[in-house]
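Take a look at the structures listed below.
The two complexes that follow have chain A in common; it is paired with chain B in the first and with chain C in the second.
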Partner chain A sequence: MTQTANVSITEDQRDCYQEISNVAMGQAADLLARLLGVKVILPIPVVNLIEVNELRMALSGIENSETVSGVCQGFIGNGISGEALLIFNDTSFNDISDLLKYGGVADKSLELELLMDVANILIGACLRGVGEQLDVGFSQGHPVVLGQHVNLNDLVAANNYRWTKTLAIEINYKIEGYNINCDLLLLFAEDAIEVLNRKVNYLLED
Partner chain B sequence: MADNSSDNFKEFHSYMAMLQNLDVGLVVLDREYRIQLWNNFMESHSGLHPYEVRDKQLFETFPEINEEWFRHKAECVFQLNTRAFTTWEQRPFLFKFKNYRPITGSAEFMYQNITIIPLDSSVGIVERIGIIVYDVTDVAVNRIELKAVNDELKRLSRTDRLTGLYNRGYWQECAEREFKRGQRTGRVTSLLMFDIDHFKHVNDTYGHPAGDAAIKNTADQLVMNMRETDVAGRYGGEEYAMLLVDTTAENAKIFADRLREHIAASTVHYQDVSFQYTVSMGIAELNDDIKSVDEWIDAADHALYESKEGGRNTVTIYKKS
Partner chain C sequence: MAIPVLICDDSSFARKQMARALPEGWEVEVSFACNGEEAIQAIKEGKGEIVFLDLTMPVLDGFGTLAQIKQQDLNAMVIVVSGDIQPEAHTEVMGLGAMEFIKKPASKEKVLEVLKRFGVI
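This part shows the complex of A and B:
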């Protein structure tokens, strides 16, 4: 095990993370709503310190779907690194296609466009929101397609994780009047949690 | 003071040299998609000098760019002040450049990842966007080749060598999936099992290679008659299994009888010998009494056994006794 194996967060810190995520996802939802002209239903973000191999359980919002598609994008700033994961229930695509005004039936390549469009908006805006509050500018790597129409377990298990623990923020977006269900996960690396905790403590002191 | 500004200028100049020499494409576009900046990478690969493209409209200069697609991405950046990323998996390239390695590279064109960033957003209004073009040809080619190899391995691991049908392992997987789907959706599905009559006799009389020819011929007849949605596999030595989705037992029997007649009418030629043979078939339609795939297969097997008992070269539908 690594020397940081006993990282933890207090209840206060968890509340603070939840509050930060709330603001950030609100901004992201606002952008999405402006782009699409729809009402985005805001969930309560779920903040958890989990074992990386429990990642599957963190994806509570889409556990019932048969197959999913997902992209991930790495980010780093001020020594805080992590990955954003955006996972779509495959049944969402026809409705997304309507929303993004691409028209036509969503084939695999159109679905990829849709996935990337939504990922660009949600991941970018969420990271910016979190970054602004913590006073961190995040650099984003290029997004990577994890898979299309694959089993959820295959999607998240395909990686050989080096971390044991991750701070996971799960935001399950839904759009009013549409059958769209997607999970945005911000996963912070184990060694980033300590830095994050310090930043959050600073906010808590005010 | 003068020294200071000349130092600043030198510094600025060296920054520009850095940007110019980056092995990454940098383009700046204004709100009307006119080119404002064009670095050395773009110049080298496009063969167009910055003064040739300056203030030119992007889509007029590069008609190969899908305007609707690119505008869709870029407008997000202009309107929402967020970055946009596109990968080579969506579109292999934005600018159609030749492969950097014309001799040893296997790709014809440069695969590109694109990042579009908002610029001049100090007052919250995005007046320009920056395009960063990454050459990802090696990554893309490797990924594509890996996928092709994996697909081929997957195909081989699923296929029975002699017949080209699915092998037993993969067919069983398909059956499990179809069984679960049937249970969940209540969709009608039938399972057909059949084998070659007196196969031992064929082997003993004409030799094993001739037996193999009969096995192959049966598979060929099967493939010729089956629908695209049917899932056929070689279940055992001279045994075949097939899933007929959205098909009742009665309709499956119509198919099965036609296949049985075709097989009976066909002649196997192996070296100097020619012979004919027949098959016996059993069908089981999925219903609520069947609790597992094994029970489903057993039911079809049972019907097959009845066909054997009843004189062979026939089709029997399973009935619960």
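This part shows the complex of A and C:
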């Protein structure tokens, strides 16, 4: 029997998750910076234990008025599963297309390609960073498109979760000098939180 | 006499992690600061001859702290410890007078190597 209803995190654990995310997002940002030849502005990651139906509110980095495109990608390792979401505001694509020198105006299929490319880099690097620190090897599933040019509420609603609670880590990347804004969310499954907390306690102890 | 060492990071976990990476048997008096403002204050009080400084922090970040140290001509050897490993961040902090840049999480070996290289140990 699992007691998922009582799952919680302490302030020390939250601080630890934030620091682990901080290191992981730095590694991911470095890869993106090298790929695009730009400087990535790093935020302070936001860590929250939330109800899945509050997910929309957790996406603080993206405005309501903007249309967005997004992909999700499941991950699992050592009994810890979850899902990564990468959401771009739609105005980002022309700048990314320019930076990657794909040439021409970004149409829907080119945008999809860009979305998948950046998702693979950022999600992969972030998970690797988190995994290294927690001593977990994550493997990733295939990325799935959640929607293109849709409003954020619809995009978030497009995904069905089996959990009621999730440990959400939000990282909002911006690129200096460009109109590129993307939100990377790592959502850990409800039944993974206890395992994660144990790993974090181990780091906090010794 | 023990060397005053200051660890400045907004995360308590990161401060602890950094303290653990200090060489064993090194005679130091360790103090902690949660942001750049506290760090400047501590340096003025003589608590930071060697400073391990994070970059992303509220109130006053690492870049601002380095600028203040330079501007006020404070006596501190600053080693930046950051998760922002982009080449630009590295260049910028070195330009602001940091002695060295160590990527997070700092390992015991790396910290020892840097301290030896600068002749403080």
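Here are some notes:
Just so we're on the same page, the second predicted complex is superposed on the first by the 201 of 206 C-alpha atoms of A that agree within 3 Å, B and C clash if a C-alpha of one lies under 4 Å from a C-alpha of the other, contacts with A are read in each partner's own complex, and residues count from 1 in each chain.
One rule holds for everything that comes next: a contact is a pair of C-beta atoms (placed from the backbone, for glycine too) under 8 Å apart; a residue touches a chain by one contact, two chains touch by 3 or more.
The shown structure was predicted, so the numbers you read here are calculated from the model rather than taken from an experiment.
Chain B and chain C, once both complexes are superposed via chain A, fit side by side. Of the two partner chains placed by superposition, only chain C is touched by A:27; chain B is not. Superposing both complexes on chain A places the Cα centres of chain B and chain C at an angle of 150° as seen from the Cα centre of chain A, in steps of 10. By the document's definition of touching, of the two partners only chain B reaches A:128; chain C does not.
Of the two partner chains placed by the overlay, only chain B lies in contact with A:142; chain C stays clear of it. By the touch criterion defined above, A:18 lies against chain C but remains apart from chain B after alignment on the C-alpha atoms of chain A. Legend: residue contacts after superposition of the two complexes on their common chain; A:204 is shown touching chain C, with no touch to chain B.
In the superposed model, A:42 makes contact with chain C only, not with chain B. The least CA distance from chain B to chain C in the superposed model is 14 Å.
Shared contact residues of chain A with chain B and chain C: none.
Note for the complex: chain A touches chain C at residues 12, 15-16, 18-19, 22-27, 29-30, 33, 39-40, 42, 44, 133, 203-204. Against chain A, the residues of chain B that register as touching in their complex are 69, 72-73, 76, 79-80, 82-87, 89-90, 113, 115, 134. On chain C, the positions that touch chain A within their shared complex are 11-14, 16-17, 56, 58, 82-88, 103-105.
Residue ranges of chain A in contact with chain B, taken from their complex: 31, 34-35, 73, 109, 112-113, 116-117, 119-121, 124-125, 128, 140, 142-145.
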